[in-house]
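Per-chain residue numbering starts at 1, and chain names A, B, C and D are given in the order in which the chains are listed.
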Amino acid sequence: MSPSALLVVERLSKHFGAFQALDGLSLKLASGEILGLVGPNGSGKTTAINVISGVYTADAGTIHFDGQPVGGLPIHRRAHLGINRTFQVPKPFKGLTVSENLEIAAVYSGAGRDEIGKCLEFLELAPLAGREAASLNSAQQKRLDLARALIARPRLLLVDELAAGLNPAELQRMAQTLMTIASSGVALLVVEHLLSFLRELTSRVVVMDAGREIFEGPLDVAARDPQVIDIFLGG
Amino acid sequence: MDYWAKGCGLPRGGWYSVGVVALFIVLPFVYGNHDLLFNMMMYLALAQGINVLFGFTGYLPFGYVGFFGSGAYGASLAVLLLHLPPVLALLVGAVIAVLLALLLAPLLRLSGAYFAIASLAASEVVYYIVSNPHLESLTQGPYGISLARAYDADASYAAMVVVLALAFGVVVYLRNSHLGLALQAIREEPVSAEFAGVNVVRERTCAWLLSAALAGLAGGTYAWHVSVFYPKSVFDLNISVFAIVFTLFGGVATLLGPIVGTLLLYGLYNWIGISQPEYFQLVFGIVIVMLVLFLPNGLASLLRRVNVHVP
Amino acid sequence: MIAYTLLAGLLFGLYFSLVAVGLNLVFGVMRLINLAHGDFLMLGAFLAYGLYTAAGVNPVYAIPAEIVAFVLAGIALYYAVVPRLLSSRDPEMLSFILLFGLSQIIEALAVIAFGNDQRAIPATVFGARPVTVFGQTFPAAWVVSGVVSAAAILAVYLYLYRSRLGYATRAVMASRDEAASTGINVHRVSAIALGVGLALAAVAGAFSPFMLGSIEPDMGIRITTVSFAVIVIGSLGNPLGTVLGGLVYGLGLMLMETYFPSWADMLPYVLLILILLIRPSGLLGQRVRLA
Amino acid sequence: MSIRPLLRFWLFAVAVLSVAFFGSTAVQAAPMPKEIRIGTLYADSGPFAVSSQSQLQGLEFWVDHVNREGGVYVKAYGRKLPVKLIAYNDRSSTTTAATLYNQLITQDHVNILAADFGSVLTSVAVPIAQEHKMLLFDQTGTGANFFTNDNPYIVLTSLPTSGIWPYALADFLKTQKQIKRAALLYATNDFTGSQAQTLRRRLQGSHVKLVFDHGVATSTSSYALLLHNVQAARPDAVIEFGFPNNDIAFLHDLQASGMKFNMVFTIFPGQLFALMEKSVGDQTLAYTYTYPTPPLLVYNKVNYGMGLNDFQQEFRQANGKDPNFLNIAGFNTGLVIQKTLQTAARLDQLALRRSIVAFSGRLHTLNGTFKIDHITGAQIGENLPVGQFIPGKHALTVRMLYPPDLATGKPVYPAP
């Protein structure tokens, strides 16, 4: 195991009934690195995030985080260790205020008032701090979802379809935000449909199909790979 | 983090609790129907118990009366079989209720309405076990309990004042503590709460046990106060129903909501209840329907709409 | 003895399928648990009782009146509250509480209108002689109730699987949004389903004096819980699965009544909890509903 | 923070309002009463509604009756005072009942406290009355554990304690040589549980063998399967002890099943004949056995208050219907209260109790001989005989069978 790899995933499998969602997926990710995860619908991208973050337990395979096996830990224990995520459909605590949304995680990560303030500033939520989360629009809720994950001081952040539904200006700012996060040393695993968005973030992607990795390497090379083209067009 | 308000010795909402408790200490000297006061305190405590579970975690315990009844039986049997003094027996009642809650903790895996109905079923099961004629040597079966020797109207009244203070204390704590916030997070989005670092299973079980303990204490104290009762009267579904509606009416997840809901509705119950009781259930039903359709967050949400903070 | 118990269990099983099937239909279509289900059954019982005492109408002939009255009531109820509820933030919990309030209102009105006397329809309406089935002798009313229940379940099958309306209803059960997008009038289909659900409860109510004991205004919540147990045992949201649930429950109840009578009352509750915890999708179903 | 004073004011307002609300009902008792206040409860809904309302009707009838005659003579004041009845509705709930008993004592300051119908609703009154040192006129709460040596604040007026109800029944069974196998089916509550216990004990060692002995929940409303079990035990006599709803369901299911037993006994046809007749029909009741009570049973030795005929006539005039037993029970409570007030030198509650002890055993009303256990206050005078319904030309009549001094004929056994 290379000392630089923060996350090492090996031969992960997961099935739902007869459907094999993950079929021996392996990944490596280092601190500060951004890895894109792409593939057609149903190829297992979101399942991968769900298994790494602990929402589902894998049928087989191992997940090591910082050299420690985490595959059997419940979600909150992984969150304490520094694995966190956002959701495709954001899931803030709708009945609580924006700042209360962050206070919950802050207690476990040890983040103080000023850190919550900075985080709100960073994600352009500061003016909304006292508002009920339910009253936020969907772009704001996405940023709140990200803020909730950041205030837990993650070392690995799993980002699920963040770009969907954002306008070009918002996309631009969101890409900036993610790169700032990565530059502070956080490893990012980004599941994304919007390849132009992903291209701004990273050069390295893993292409999945039927729960398996079929390509790993720069995005531009992937775009020329016949197998990749085949699944995207044929699928 | 300044969860604890500055400038006074008590956390937010503390003064209101002290005020209500003081009221029930003073009222017996000016008003003679202590049973009415006692029942009002009992429902205030039960409403707060419902509030701890339903208000903070979103689990609606229709079978809440199961804990009340097991507290009543636990305390009574501690007096009758173990010959404990009543005050210790109340604690036994609470412990029995908590043990029952631990046994039923797997029900928390169910969501929403399933949990509500399953908890109702659980309380019925406890009722049928307690009242089964085959267990007469242990629980007196359907023949009911008589605590004539331990009967003490004033001491049991005082005990209920303490239970009420405890119930308020728990809610004030939850309103002002990280645990309370974490519970509300679980109610809103359990998965996000996990990612915020909350041990969802542990915290909601904690709320479940706290809530059960309050009901157990209230049930034990009720048993002591009436001293003669039948299984049906301490496992009466109406006890759950009253406490739930009082809480909903005032507004969940606040301290004042259930207090105001209980004072208004239970006051109404005794007012109509003495003259024209047949219409009370009707009024009750209409209140529930109107609440759901027009004011799902209770009276407290009216105040919140005009930007008043409700402790 | 065992043959008698099993046959009685079969008759009661069919009857409990009828008691619960309406609740399951409403759940399947609207994803809400009708907490007032048992109260509608109680109203159906009082309607049959009223028709019997006023005009000597045999409960079997009261069925058409029950169906008309309760289908209309169901449609009215649907349009009065459901669309508003479905658009709220937590429709499942809110509708549950609202229907609970409705159950309180119905019970209170029934007390005000009928008083609290327990009422019964004499079993002699079906002839004074008991009926012999496979060598076992049963009260005639049990056999009639069993036959009516079987016919009603068959009618539900024909409605769901052999009619255009039923096709649309099943589409709504599969997915409300997709059904709407294919041009099905979801509200109309749901309103009729609620009406049918209530009418089935009411028909069961007409026979409750013979199967469940005397009629009283506060019988509703108990029947709702038993019905819920039956549909959970069968399969939530699958109306025909109710038959399996009803038979399991009916047989279980009769066996308990025969061999452990003092514990029989807690059977539905124990079954309900066990099934919810161990096999939440019921004996037939697939759906998972854990938090 | 600026809203805090506002909320504190609000809470203060709630407190003031509640003090005002509760305080306003606090009325102090006048030192020299202009009337005798009698407080009681009734239930207009719930399981006890039917019986409770009948009992209240009887008590109200007595109140109207004495008030028409200028009130009740109160020895303590040496003159007649009008009677005011304060009756609250507890809807069969013990929790509500406790509050309301308390209301009667502490807010209405009643002179006389009478319980609601039956053991369940009376149970909560027992400790409350003792606590406030009020004598409880327990009308029909027959639970044995209410009557203890250390509580002088209770007296049972209109029924014997349930434990002694089956004395005559047990003795009757022992005289019937053809009855060798008996089945006992009872509802598990104080009232019928204690009767089952007594019957069991009294039949021990006799030629009557209990071949079936089973308790069912009081809420039982279907007896079909139980009857099947009973039949399997091949009894000569089937004794069913239950509340009215149990008896109705039992008789109803017995008829539907088409089973025949040589002897069937139930409690309530003898007390609530009109209700039972309406619910299960004459045909079902024919040849069954019961405890006949007034008006089915006529006590001729009446030395206080109206005789049965006068009562029936006046009651019919006043209420437009024939009285049932619980009407008589409520009325009888009134008579006992009347006699107490006439003989007690003071209105102090223990003085009331002493005067009751003094006339106990010498008061013969239409409900039989009023006699209490001097120590516990339990009723031991008004025994319950055994009778059988015999179809007459137009209606059922009751043939008294046991004890011999009341007997009007021989049983029809086996039932045809």
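FYI, contacts are C-beta pairs under 8 Å (C-beta built on N, C-alpha and C of every residue); 3 or more make two chains touch, one makes a residue touch a chain.
What you see is a predicted model, and the numbers here were worked out from it, not measured in a lab.
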* **Relative to subunit A, chain with the most remote C-alpha centre** => D
* Structure fact -> Two candidates, C-D and B-D; the one with more touching C-beta pairs is B-D
* To do: Select the chain whose centre, defined as the mean of its C-alpha atoms, is least distant from the mean of all protein C-alpha atoms.
  => B
* Averaged-CA centre spacing for the pair subunit D and subunit C, given as whole angstrom -> 38
* **Cα-centroid distance, subunit A relative to subunit D, in whole angstrom** => 74
* Let me have the rounded angstrom distance from the C-alpha centre of subunit A over to the C-alpha centre of subunit C, please. => 47
* If you average the CA atoms of subunit B and of subunit D, how many Å lie between those two points? -> 35
* **Where subunit C touches two or more other chains, by residue** => 89, 111, 262, 265
* What residues in subunit A touch two or more of the other chains? -> 94
* Structure fact -> Listed in rising order, subunit B residues that touch 2 or more other chains are 133, 278
* For this structure, give each pair of chains that are touching. => A-B, B-C, B-D, C-D
* Taking the complex as given, what residues does subunit A use to touch subunit B? -> 53-55, 74-76, 79-80, 84-85, 87, 91-96, 100-101, 103-109, 112-113, 145, 148-149, 152
* Sort out for me which residues of subunit C touch subunit B in the complex. => 32-33, 81, 84-85, 88-90, 92-98, 100-109, 111-112, 221, 225, 228-229, 262-263, 265-266, 268-270, 272-273, 276-277, 280, 289-291
* Parts of subunit B lying in touch with subunit D, wherever the complex brings them together -> 15-16, 19-20, 23, 27, 30-37, 39, 131, 133, 141-144, 146, 148, 151, 153, 226-230, 233, 236, 238-239, 256, 260, 263, 267, 270, 273-274, 277-278, 308-311
* To do: Going by the contact rule at the top, pick out the subunit D residues touching subunit C in the complex.
  => 44-47, 49-50, 214-217, 219-222, 224-226, 228-229, 232, 245, 248-249, 252-253, 255-258, 279-281
* Spell out the part of subunit D that touches subunit B in their complex, as residue ranges. => 3, 6-8, 11-12, 14-15, 18-19, 21-23, 25-26, 44-45, 88-89, 91, 93-96, 98-103, 106-107, 120, 123-124, 126-128, 130-131, 145, 148, 151, 188-190, 193, 215, 217-218
